[in-house]
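Letters are used for the chains, namely A, B, C and D, taken in the order the chains are written, and counting of residues starts over at 1 for each.
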């Protein structure tokens, strides 16, 4: 039995899928076991001579993953059969060496550390892609800091914005999520504790071998070497503390959630009726032979779908974490694994899609301008009234507090009658209140984008350096 | 990239995993395409001659699943590349035949129908296993209809029950869930609608070929043949109506949820401190070389873990379903696939584990009896007071309404002083109220299980026939 | 502390919120206790005389809900303090009567039955609203069975449909979900079992009072009277079988999920760029004083939001259900309550909003037609090629198998050159293959909606009767 | 319609419920509006004179929350009717002042800021309770650093630990989660952006009033005053960036998840068969009149239930966040509100329950010791074999590599025969290998807890200072 991704358009065929495959997880378990042998050698508790045998047995390609999967249910984890195969393989090279493999460890030490290793590896890929995305988006925001479009609230035309401003909110979300994730990756903890987390085997060992020393200090120092070998944080045992797993998964999800917002916006904007954006094209992608006009926004669809998937996987992981018990959970721990892997995989695929999408998004400024005009001067009504109301009052054209309403009424009548608004206002308001050119200036959407460009500059300043 | 289940102890190595693998889904897609060709032949819209070429190309083992997965993202589904490969393979045998493949269909017709086909196949296996489980459990309930144990409420000893009664609640849950699921399976709908659900291609075709007929009637009759070929229900198009998918997934989840309850009970009962049940043993399962006393309840752990996993997958599916849009969703539909497959797979594995667990559960009646005694006579306090209170009042030993409280006080004092309760009651209550033997009879837990045995009989009567 | 719905636009101010309020739940608990007294009277185990005292104490308005909430955590349920207050109130009228209240019952009997009662009450309201909605939608579908619009797949223009056809998919989803829910409501089970589900109190009672009878038969007959009093199903105890709760919640969610699809479609269609639909207007709803052009589609927003909310609540309920243990769960049961109530409440509000939306949806057929034309003749390309390809081949204008491609190329050139497609085809294809008027007929979207109208008729036939 | 918590034992009657009630949210909205007036006064854009009128209208108790809830659906938020009532109330005192209320703001500015204010208020309470909990737990860990009990893995007896060590994993989880949450609280952002996030109203205002200045700089400075007034972070607009909400909710959930682990452990340990812990007692809590022996662990039940609830609420929030669109979402934003409030409320209640539980947990060291002995010497088998195996080999009593197995066999025979293990080993192994006293020392569980005490010290060192 094996799966390839036929039902998973979010991640099928991505590098993230490779980095989080069963083979990648298996390799990570072997890497942890091998690193533990090296840590023993460095700490002087194992002979240098075992290194070759262990190294020679540490390639996952030499193992039969399907057979390991068959054996997984009996112990409810894959490490047990893998370890058995690993020891046999090491023993073929060097019977003595086999005795050092996994010495004093427990399945959870290897599985938890291996998952952190997988996270570190795909995590680096994710952060790289998010930085690329943010870099592309900062350029896009700069380029369109003044490209006027309608801002939408609750799906309705509200006031003008610039496309650069909308992009700046994407950047803020992706950039902050990317930074959270990067910080989380920086402290991914190695797992080390033995059967019940107290390192009994090694405490016994050091008590016997170095009775004059504090055995836990030696245990910790040897564990630090393991962490160093793996590039993980030298953490105290966390067998029964699942906050690190939760933090990792939550943090990855933030990226996927931020990507979904971008995707939702693109999906609206590429609709034929909007036409404001196009996804980058690639031969063979998104087309339909029967409907040649059709250009499916598959990148955004994959991002939207990925977030739905990851939200459920995070829920699975949460359910596992809250079922945690005693020194090792009876089901909750097992639930974390695939959920965490899936979240990392999806986040990785999301980051890959994001980078491509951000790098090739086509902007149709003309369509943005055209859509902005759909409601005509209606979108300026508040602005004109707020501006002229007090002036009318100052000129005695309305009682104090009534000016805004008066101006608004005149404007609405002009719109209803399809009259020129500027002309109508000049005509109907007291002489000297306003000129046609002044009104026309206020009816220019380009002048009604508030701090849009300034916000683009500020957001870019916050994230550009990080992204390059 | 492929996964084997190394991170999925719930289903790794199960038959359900095979029945829901990417290969099984691929095969189902080929089966739908082939069935469509046969439907055309039967309806007279395609020549008999194409059958061989189509048949010859309908084995998923002849396709490169990894390559199909690579191509999946471009169209955001696996049918597009598979169809292309299928047509090429058919054309090799018979160039004409290729033109009949997928005629007038859309990706969604094939993918939705294929998923229903996968559901039907694994579903049959599930129902079989659930029936086996229920059958084993009815025997177990009969056998232990009178085996006394403590009933637990909010995790605390409450009143005696019998183990058979507890089992009868498992049966009720699994049996009703199994029946719901069986009913759902009986009406799994074929999907047929073409590009936007209106069968334009075939309506055009029949209008041209049989202008005198109602074209939709012909479309429907031809679709009915497809449904017949696949053993699915001849449903009206449901491209944009996802209730069938929701119903299927929800219904499968009921089984997994019912199994989790059973597993939770077993996990408590197999704890060393309880010792009331043991899981069936199998060489190599659940053991630990370092801790030979350890017998991990891996079957129940897998069931508990499976339910956590399935709950998250159902959540994913729900999230996809509520994001449904227009004639085919932009992401929501894609989210349904793997979620549905995972739920079916997990349910299948659950059913397999259930059957094994139910068939081999060892019951330790002595431990049940021992645990029942932990709180001594305390658990009878309410019973004794309710019984004797009115009698005491009738004998003038207490004011009306105070009898129960009086008896309760005497009992509690006896317990606190570790005195014999029957003797104490006879001594402290008015003469003639009660005898030692009468009290002792009321202190027998075997007589304090209410309708337990009767409920076992009733529940077994409801589900035994179905299960055999 | 009390909440009113300020953070819950989905249901604030709805009748469903009333029907599922804490007061409604409290009333339902009182109703169950009172019904139990009436059942005893009818069965002859309690005197007729207690009826008045119990009735007089059965109005939730006479209880201090805030105080009950304060006391809820101590026993982890609200029945305990309510029962204590109820007994006191009954005793004020008739001290004897108090002893019959809750006789032989347990908290779970009352709470589970009360939740079913709440479900039955709000459920009736839901089904009524869904029927109204379906009725309105069948009329809408009929009216627009031929109103042409573009069908959208993956958010992109695909082929023409009719608005009536789109509505028919809404009907199919809402109608089938409504029928599922109605069936579920028809078998909502009363809960009756006493402390551990075995009715010990009443078995003891009947053994003493009617030693010649089967005590469980008497228990069951008395319970049937309770069920009858409450209008619930006379079910066997389900304390430890939570499938009924799951089934109820899942079934309600189907309605909410079906509503979300309708809402998503409306939200797209009311966008200014689409303009195909408008929500019914109501003074003061959806407006913005600052932006008078703005008409927020608040009904659809509430439906979309409601489905997101209900999906999470269903997830909560699932998590509770799979944590079920022994004879009464230690947390899982408690989790079900608010989750179930929230789902029922949200479903109720959804049904109310649906009925209003379906009854007032404005259809802009002109906009539908205008949007359909955005891609011009491109959407007919497949149709024209499929039609003319074989004819061209038959006329010798192309090699067998190449006709379709030839026609497609000619069409695409015509589109690119903005030439008249019919004229171009007549010119470029062999004489006699086709006429201008024949092509123009094929380019009429009204003739390219396949079985749309037929499907409307069929779907309406399936659901109209049920809905009226 | 109002709810009090009758269905919510997790939080009914808690201070956290008060701090997150609809009234608390309403007050927070009024506080934001009032703070905005003060910010204007401080920035010189509003006269000092408005302060009194605004202050006088800023008490939520003066508003009719039920009426506001009734009006909430029309605009799909509660701020719209509240603002209208607020303006009217301000105008009663000072008609001019009303014009300054909400000037240039949008609903989202107020609602988002108000939710952050609610988070800050309940958050402070949460952090205080978590610190109290951690402080109590560090004392408990110290006290029981050497209290031996059995460590459990996958629900089975594994090796001895100390209770202090188990507590240290609770501390690590709660302490790290508490610190994450505290850091998140430290940067809760004010929301400020106007209709579409670009502060158009104020940019227009400042352009007109202070044409020589950069208007966005003035907007930002004025916003900083608002943030200062509210004690929130002076953030750039995040209308369309929902990462801050996600981060807040995720971070709160970590506490609830960590609490669930503690609760799960307590629920196992308080079972009659275990008897290792008791919850603190309180008159009227957890008792049952019918079953006086029953002491329901309601604190742990509430914690377990709370985590199930919060996991679903977080899922709801995630679903809302990934549905975010444009400048303000059409449903997704609305979904965040109650979900966030519920998570904060539940977390607050959890923290309150935790502090009580941690402060009163009773430890039964004798039961821990008794349970440890259930499997007798079996739990030492690995230890003895690992220790003696090499020594036997050194003495020539076994071939190299076979010593461990030999010793293990002897031990297992001794256990099976119920012989004294030390004596048997001395007898069966070569003379001089081992003494009875040496074996007995190795069979002392107190000496087999590895680094347990050392880990307690280390964890306490990490969190004690923070907690005091």
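What we mean here is this: contacts are C-beta pairs under 8 Å (C-beta built on N, C-alpha and C of every residue); 3 or more make two chains touch, one makes a residue touch a chain.
These numbers were taken from a predicted model, which means no experiment stands behind them.
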Shared interface partners, meaning chains that touch chain A and chain D: B, C
Co-neighbours of chain C and chain B - touch as defined: A, D
Cα-centroid distance, chain C relative to chain D, in whole angstrom: 34
Where chain B touches two or more other chains at once, by residue number: 76, 153-155, 158-159, 195, 267-268, 290-291, 296-298, 301, 304, 308, 311, 315, 319, 323, 330
Parts of chain C lying in touch with chain A, wherever the complex brings them together: 150, 153-159, 267-268, 270-274, 289-298, 301, 315, 319, 323, 371, 374-375, 378-379, 381-382, 408, 412
Contacting residues of chain C [partner chain D, same complex]: 1-10, 12-14, 17-18, 21-23, 25-26, 65-66, 68-78, 195, 263, 267, 282, 284-287, 290-291, 296-298, 300-305, 308-309, 311-317, 319-320, 323, 330-332, 334-335, 337-339, 341
Chain B partner contacts - residues on chain C that touch it in the complex: 76, 95, 99, 106, 151-155, 158-161, 165-166, 169-170, 172-173, 176-177, 180, 194-204, 208, 214-216, 219, 236-244, 246-247, 250, 253-254, 256-258, 260-261, 264-265, 268, 304, 307-308, 311, 314-315, 318-319, 321-330, 383, 386-387, 401, 448-452, 454-455, 458-459
